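Below: one structure, written as structure tokens.
By written order: A, B, C and D. Residues from 1 in each chain.
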Amino acid sequence: MHVRYSAAIVAARDEYPHALVIATRWKDNDVYGHVNNVEYYSYFDTVINEYLIREGGLDIHSGGVIGVCAESHCEYKGGIAFPESIDACLRVGKLGRSSVRYEIALFRQAEDEPVAVGWFVHVFVDRDNRRPVEIPEPLRGALERLVVSGE
Amino acid sequence: MHVRYSAAIVAARDEYPHALVIATRWKDNDVYGHVNNVEYYSYFDTVINEYLIREGGLDIHSGGVIGVCAESHCEYKGGIAFPESIDACLRVGKLGRSSVRYEIALFRQAEDEPVAVGWFVHVFVDRDNRRPVEIPEPLRGALERLVVSGE
Amino acid sequence: MHVRYSAAIVAARDEYPHALVIATRWKDNDVYGHVNNVEYYSYFDTVINEYLIREGGLDIHSGGVIGVCAESHCEYKGGIAFPESIDACLRVGKLGRSSVRYEIALFRQAEDEPVAVGWFVHVFVDRDNRRPVEIPEPLRGALERLVVSGE
Amino acid sequence: MHVRYSAAIVAARDEYPHALVIATRWKDNDVYGHVNNVEYYSYFDTVINEYLIREGGLDIHSGGVIGVCAESHCEYKGGIAFPESIDACLRVGKLGRSSVRYEIALFRQAEDEPVAVGWFVHVFVDRDNRRPVEIPEPLRGALERLVVSGE
């Protein structure tokens, strides 16, 4: 039923330089017994920000520059359910002056076909006036390490 | 910063046949003080399923046919924050044999420019084997009433 | 099965000076088909903070005094399910120098028996050092209006 | 400010026979920069059900007996914030014929003082008629292994 999802977009695990194991929670499952589509975006948000904080020095509490979401997208290829854990794999598809487009794939552990793929655009802005700013170091350096050549 | 967001996609409120007022909740706000991008998809899910249940007879507890999300997308044009309420406006962009593509716009109350627009694809499947099925009545009738001609 | 829940604690709707209609969302329902127990606390948080913001002038974004949760409790008497709305009723059981104990009851619309009752303790603290402070006006005045005599 | 929280209730880590590491998520943090009080209950739900599924054979999708929450409680001793992980420690305080009272403590990793302690009552019921039933094996056996003598 997800035939629209072209092979060209799907990447193998090793095309994503960063990965985070995310454990599902009881209430991620919805009435149909699987993780609700909304939660996939929470996994995106989590793998991205966890990386920015740990590797890029993002200070979410008092830093002057923050990343706000401008656009996001997800294609669902299969279901996952609590209490599974998934591997959230992350790369950068496009790195601009003040924005970045991440590409994310979620894999069941020990599987090679993703259960979902998506992308997410962050625009970095001044915390106070919310205007776009140039991505500062060391954030930029951390993002550069996720850029996949040839994308 | 959201210049990619073309005027052609944006519709006026009156181009959406259905609307639901959704009140934000305390925990919708994230650390940056506005509703987290993830919650927008929860608003999508809510306006869609509320309509299917009330108007299309969808039985989420024991009906034989259920709608599962195949793809979703959102573009963020502005922030909203608890305790605001938003108007979630809904129309059908494409109605197929077993799938439907909804288009959603979120408006601040009394504003004419949406704070977010997105779309969401439901594939209707058999609850047990999760294979696509033809959309049954009265669901189809309810969806047809949301189709906007000329889209 | 909830016989422990004594009649003395249960109050009628008119014993709660404030009420807010809260609409459930699709993903509030868990795999068993009803609103997950966790979400009830989100309803508590929402009715409380909505009142503090609208009636007490609480500035959650930049005010110097904020309310943090020290303790919460809920007893579940019945199930609710999306797409129902519930009435979240609020009163103050005890108002101290720097803390307040709210009592909340959730009612199905048009029903007189609550589906849940609970309480929630806010300690008001300095936003920066997180030390308890005396509840300032106009917050205190707003809270006093919710105190039920004879409790 | 949490002086009400008596030492007698607080247990050391080794008094909890089961523990699960739970990673926080981006949207767990609320506008005040720390994990929202509501999410603590999601951690409770998660450590409990993960144990019941893995150790007690609970079948949340089609089993005839399910556990529904009758009462829950939490006392907050300190804040946690994304991207921290916490240790959710679990024991059984009281095991009845059809209900169980769990006691949970959340610890920061490498700390000995819990950031929160709480309890949660499950009543096991027939999935269809929602009436209490005797806790069946192997669920009962799994719960017995969490009972702490002398409680």
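Just so we're on the same page, a residue touches a chain if its C-beta (ideal position, glycine included) is under 8 Å from a C-beta of that chain, and two chains touch if they have at least 3 such contacts.
Computed from a predicted structure; not experimentally measured.
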Worksheet item: Which chains does subunit A share as contact partners with subunit B?
Response: C, D
Worksheet item: C-D or A-C: which has the larger count of contacting C-beta pairs?
Response: C-D
Response to the item:
Averaging C-alpha coordinates per chain, one finds the centres of subunit A and subunit D separated by a number of Å equal to 29
Worksheet entry | Inter-chain centre distance, subunit A versus subunit C - centres from mean C-alpha coordinates, in Å | 35
Item to complete: For subunit C and subunit D, let me know how many angstrom lie between their CA-based centres, rounded off.
Response: 22
Item to complete: Could you check subunit B for residues that touch two or more other chains and list them?
Response: 26-27, 29, 31, 33, 36, 38-39, 42, 45, 60-61, 82
Response to the item:
Given the complex, residues on subunit A that touch subunit D span 22-23, 25-27, 29, 33, 42-43, 45-46, 48-50, 53-54, 60-61, 81-83
Discussion item. Which residues of subunit C touch subunit A once you look at their complex with the stated criterion?
Written reply: 26-27, 29-31, 33, 36, 38-39, 82
Worksheet item: Hey, which residues of subunit C end up touching subunit D in the complex?
Response: 1-2, 4, 31-32, 36-39, 41-42, 45, 60-61, 66, 68-76, 79, 98-99, 123, 125, 127, 130-132
